[in-house]
Amino acid sequence: MAKMTMVQAINLALRQEMEKDDRVIVLGEDVGRDGGVFRVTDELIDAFGENRSVDTPLAEAAIVGMSIGMAVYGLRPICEIQFSGFSYLAFHQIECHAARLRLRSQGLCEVPLVVRAPYGGGVHALEHHSESREAYYAHTPGLKMVIPSGPKNARALLVSAVRDPDPVIFFEPKATYRAFREEVPEEEETLPLGKSVKVQEGKDLTVISYGAMMRPTLEAAEALKADDGVESEVIDLLSISPLDHEACAASVKKTGRAVIVHEAPRSFGPGAEIASRIMEESFFYLEAPIARVTGFDVHIPLFSRETAYLPGKDRIIRAAREVLNT
Amino acid sequence: MPRKKIKLPYAVDYLSILNEKGKLDKELEPDIPEDMLLKLYRFMVLGRMFDDQLLSLQRQGRMGTFAPISGQEAAQLGAVALLRPSDWFVPSFRETGAELWRGRSLESVILVFAGYAEGASVRKEGKEAEQPVTNMPVAVPVGTQILHAVGIGWGIQYREKEDVVMTFFGDGATSEGDFHEGMNFAGVYQCPVVFVCQNNHWAISVPREKQTRSKTLAQKALGYGIPGIQVDGNDVLAVYAAAEEAVDRARSGDGPSMIECVTYRMKMHTTADDPKRYRQEEEVEKWKKQDPISRYRKYLKDKDVLSDKKVEEMENAIQEEIKSAVKRAEEKMKDFSDPLQMFDHLYSERPLYLEAQRKALAEETETRKENAEEEKGE
Amino acid sequence: MARPFKLPDLGEGVHEGEVLSVLVSVGDSVNEGDPILEVETDKAAVEVPSPFTGNVEEIKVKPGDTIQVGDVLLTFSDAEAGEEKPPEEAPPKKEKEEKREKAEEKKRKAEAEPEASEAKKETPEGEKEGPVPASPATRRLARELGVDLKAVSPSGPGGRVTSDDIRTFAEKGKGEKPEEKAPPEQVEKEQPKAHPIEEKSPELPDFSRWGAVEQVPVRSIRRATAKQMALAWSQIPHVYSQDMVDMTKLEAFRQKHKENVQGKGGKLSVTVFALKAAATALKQHPRFNASLDVGAGEMVLKQYYHIGVAVGTEEGLVVPVIRDVDRKSILELSIELSDLVKRTREREVNLEEMQGGTFTITNVGPMGGGYFAPIINFPEVAILGMGAARMQPLVIEEAEGKHEVAPRFMMPVVLSIDHRIVDGADALQFMRTFIDAMEDPEEMFITMT
Amino acid sequence: MVMGELSQDTELLVIGAGPGGYAAAFRAADLGMDVTMVDMENRPGGECIFRGCIPSKALLFLADLLHDARRVEDMGVKFSEPKLDLDRIRDWKNEVIDQLAQGLVTLSEKRGIQRIQGRALFESPNQVRLQDSDVSKIKFRRAVLATGSYPRPLPNISFERGSRIMDSAGALELPDIPERLLIVGGGYVSMEMGTVYAALGSRVTVAVRSERLLRGADPDLVEPLVKKLQGMFENIHFNTRVASMKEKADEVDVKLEGEVGKAAQHFDRVLVAIGRKPSSDGIGLENTGVKVNDRGYVEVDEKRRTADENIFAVGDVAGGPLLAHKAFREGKVAAEVIKGLPSAFDVRAIPAVVYTDPQVAWCGLREESARREKKSIDVVRYPWKFSGRAATVGVQEGLTKLVIDPDSGRVLGVGITGRSTEGLISEGVLAVEMGAVAEDVGFSIHPHPTLSETVGEAAEIFVGSVTHHLPKKPAR
């Protein structure tokens, strides 16, 4: 077993799926010779040739639109949008076709497509390079919206996404791309889409998060344990859609308190949906109002202020204490 | 440091074989077998008559909005006639004639226009129903289907097949980004795609002149390193000849082509549209004189392939076919009343939360039915 | 730059002491090596020398304070680096500073030319003979066990310290030194902060309920004694063997040579003979000259005979050790013992002299005691107690099986043994050897090795 | 990376993947640490593999062959003049480098060490910024600084790629065989590269500022080499410095100053080998607590800790002899200390080997420094003319000597000149490290006839039981 960064783990997933299945094609801007601007597709072109690791012209809509055609034709395209902030240029293709062709054709056409895109802040980038807009896709029927939080689950989720018969939007937390390494087995691993994982058990509080926010969330849980003796149950959603609302509600039934953490803007964000589900399914178990620790309802500021925007350990601890003291 | 003309690999040709009187340019006449000539005629008439039938159903409130094809029969059928069953057909939303040619059933069209999604899966019975899917469903967002055609073309090339893809779009679509991106990608990857533009002169209310400053639409292909040709879109022989050339090119691995069929939308954009607001009747009258069907009929008669008697028999048969299709469709609609169908075909497997929502609707529907029955009882 | 001076590790598991006196005042200029404090530790009173040359800036302790290794005792200003012990438990900032200072020191030592550096590595400053010869593996072991190579007596050729030397040296301190795991990161040593005498001792009632009480702190030697005894008692299953020694002949011999020895500066006490006799017995019964290593499941048989002698002082019982008893003459022993006892009472004995014993003798005779049950000086295997000899009637078997009663000078002796290592029968045999030697001085000199 | 700054956390960051760096990284990984290794090259190996030990020894192997081929004429074997294929030589040398570097890549990968190409600059005592890299920042708990050193240029003359004025790296690239080569400096690089170029046919001139060559070694060990080199080189100018140097299109004009007949001379190429400088500047050390001495070396203690508690330093940048094997040991020490093991760099004999013909090697206490410091030592010399093995390979000018503590008989240092001393010196290293006495060395049986006997017999001179030489003192 080797330790890998998320970049290497995703690369491993791509490589192995490409080896196993010649229907799997990687395409996007700079994914071939350059290996992707984050090196996620590094050296795939050497292993599989430019027909499998395809450099495309610069057009997001065409990358996704062409991938839809490829998927309908029977291939398993994995297209990369260089930054999720540019995925809106292909939004109509995702919304109007990827999400709908199965329905429109009444099951005659399938779109087994994965759209990979790095998302989120914390890497000091320019405008449009730090957004967290998973809600757009989670809000769209017909799509699956997946966000891993570490190398190991990124690899397993991506393998599942590639094999899934439905279109999957796969957001990669770029702040976590190389932030830490984990043991990732060479042997195949998958994780079911739509299922969360309980990262740690606890009885006092449920903290729900995903993606890049898992790190500050876990740090906060650790600090709460050390300073306040609070045992937090931490849930890593992994999929925003389908949402594992059952796991969230079940945990809150045990703890009675919940904090939801995401870096996406607050209003109409995933936290709103999660909180509603908890409320619907475990209202009578709640001891305190559900707290959301999220980005503000502004565009993520240019990077000198992004730390102030992004939820961090302290903000999570504050929210947790408020919930605990109610 | 000269300033000189750059020689481009392609120039734009214009092709016309039958004039508006149905007179033939013998030299350009394509070699089409007789049964194909008749089949073409039959589908052109079917397209026109079905259009009329649909309009009538819509006007009666038995069906919803649809986009008529009248006037564009030659442009659609002359092109699609070149495809083999294993070739791919990627339509926009005004290619009913071509869709029928590709095997879509009449009742499927009626059902979808009547608001029943499951109509899309109603296929012709017999052998054709078992063929693998090579026809895409209609795409309403203008021009977006072009990219799918490119992706399919890429796949054909990747699998080293001899198949080709033909995609249809209108003059308005050439203003869309997806058209340009698609042409560009197809050019870059040399995908076996035939781009058929039905320049019917009107994008709803905006005339062709206001879509683009280009003299032709075909010339846009040149920008992407793709050959483009403009043809008389109401001359089925010209369309056929141009499509034959393009399909051969694609099939032999020489990449994509674009065909601009200059034609005319004889009717409204959709049944929800009133063209009198933006165009003159005189223009329509002028184009009526160039009707593709009558022109072609004259050619066939001149060629002794068709007789008045045969025309009448054919029209009667088509009328019967349409009638029985409407009947079958309306029968089916009764079975399709279940609103829960909306939860079908969203995902390969229905997720739990959707199941819950479906159940909620089922309960609601049940209650509504019970209430209605109670009311009746009183 | 102000420099703190901390109580250095005095070795042998000593980690606290009581300040007896402060020999300097604020503002004094002190040279490296000058005594600055007198500290009484568990083992002895020691003078603590200054590691720096500089001025005393602040004195942080006063007589009577209990101080622990690592405590800051005083600070110096303008201190020049002398041979400073590695800093311990300093607050992070200071530690950093000190490290930097250390690095500076290193730099001064560091080479100018690569090859010169190599040469200097061979001879650290101020040391004529260069590094202690030892193999790299031995040096690694020494670091692991926290042993200073210079403190170890080498047994290899050319003065080479072997791995066995290191282990033996480390063993000596065992039992008194809390076992320490290799510390994480760079923390070299962490001493326990609190030192309750007996941690599991139940809570005491409020004695003042029944009358007036005075609370006197238990310090240094008393405290050490308390701990040591409790440890020995709790760890060692004691068995006693008692007997009488007919001292008549020896006493005559002693009286005869007493003056002569006194003239040479010694005191020919009964203990001197007991030392010699004990060494003889220890040689014949090596398991009494051992220690039990419970952790290793081993018996450590020592091949040297260093015997401790319990000496009563005002502060409590102290056990200085006489080395290599087997190799010393009666005369040498009597001179050494009287000197040692004198210095012990005057608290001038140093720590080193109280370490490394293999067996202990405690003679309560001079105070007129009879039988008693001494507690073994952990981690030794046995202790010999001697009472006061007095004239007693004894039935003696004369020739031809006739018995008669005669007045003899008889001394009660008790041997406490560690039953884990030796048995009662062993004790009887040990006692037999010891008694035979004591009863017959000639025999003693013959059996002496 | 085109946009933004990706940062990464690691337990141990090793900066520099040369011998010190990769030794530290490998040991740390074996001890279970999460290790990231940054280097400007894309493969580990550092100066040693790419521009130092390895390529030079590859070329010296050929030089030895060429010299030997000439030498044996005297013994009755005559080879025809060798044909040199410079391209193939260069390729072969690069193949050697490739093979070793690739081996290190595999070893790194198997150990789970993350390798990142880039240049690291400290931003704080627990973070570096990377230049020319996919990763922008690395946060670390501990760092091992192993940035090495670089060739010191002459004042105002920098080394340009492709210039006629070369540093050792440039010379190892073997651009051509210059007809006239000037070597500035009298250290081992000068001697070794001079040997290579002389063997390939260059006329070599050496200019050295001091009155002797290889100042790091005892003069008696260097003497046979100087004799040999005086025959091999065209000129060795002692007490001579370069006053000026000007590169022209087809040659270099040099003005020499000192004990040299002709001041103005012309050469096709010049190799400047006047020492190395530590790579400690421009890497942001000022943002850490690390202290650097006035010669640029990072100050470390015996545990290779710098003045900054998070940062360790090993290899050339930490000073001491600039030798790969010293760095290897230091790297391991640093890794072990970081892991909390009781490790220290307390070696007593760092061997040095000069791969000339004759080869010179030494370790431990040098006679010259002991005398300078007025230490009481005993020195025994065993000239190789008494060695049977030396006679059979025609290297009777060799010498083996031991520096011994007269009281204990302990072996304090060993020096050897001759042939295969690279192997012979290791016995000396072991003796010094083990604290062996001369008897230990002398009474260990050395196979006969071998050159290793010279070490045993030298020890026996001291003991007084020598066979092939007269004892120094009466037998004990």
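The chains carry the letters A, B, C and D, assigned in the order they are written, with residues numbered from 1 in each.
The definition used in the following text is that a residue touches a chain if its C-beta (ideal position, glycine included) is under 8 Å from a C-beta of that chain, and two chains touch if they have at least 3 such contacts.
The structure displayed is predicted, hence computed values, not measured ones.
Enquirer: Going by the touch criterion at the top, tell me which pair is linked by more C-beta contacts: C-D or A-D.
Expert: Answer to which pair has more contacts is C-D.
Enquirer: Please tell me the distance, in whole Å, between the geometric centres of chain B and chain D computed from their C-alpha atoms.
Expert: 79
Enquirer: Please tell me the distance, in whole Å, between the geometric centres of chain A and chain D computed from their C-alpha atoms.
Expert: Result: the chain centres lie 52 Å from each other.
Enquirer: Taking each chain's centre as the mean position of its Cα atoms, how many Å separate chain A from chain C?
Expert: 68
Enquirer: Among all the chains shown, which pairs meet the touch rule set out at the top?
Expert: A-B, A-D, C-D
Enquirer: Which of the residues in chain C come into contact with chain D in the complex?
Expert: My answer: residues 92, 95-96, 99-100, 102-104, 106-107, 110-119, 121-123, 130-131, 133-136, 139-140, 143-144, 156-161, 182-186.
Enquirer: List the residues on chain B that touch chain A in their complex, please.
Expert: By the definition above, chain B touches chain A via 88, 90, 117-118, 120-121, 133, 136-141, 144, 146-156, 158, 177-178, 181-182, 184-185, 188, 344-348, 351-353.
Enquirer: Give every residue of chain A touching chain D within the complex, in rising order.
Expert: 2-3, 5, 37-39, 83, 123-126, 129-130, 174-175, 177-181, 303
Enquirer: In the complex of these two chains, what residues of chain D are touching chain A?
Expert: Residue positions touching the partner: 1-10, 34, 109, 112, 114, 134-136.
Enquirer: Which residues of chain D touch chain C in their complex?
Expert: For chain D paired with chain C, touching residues are 215-217, 289, 291, 293, 295, 297, 299-301, 303, 305-309, 319-322, 337-338, 340-344, 346-348, 350, 352, 364-366, 369-370, 373, 375, 405, 408-410, 412-413, 433-437, 439-440.
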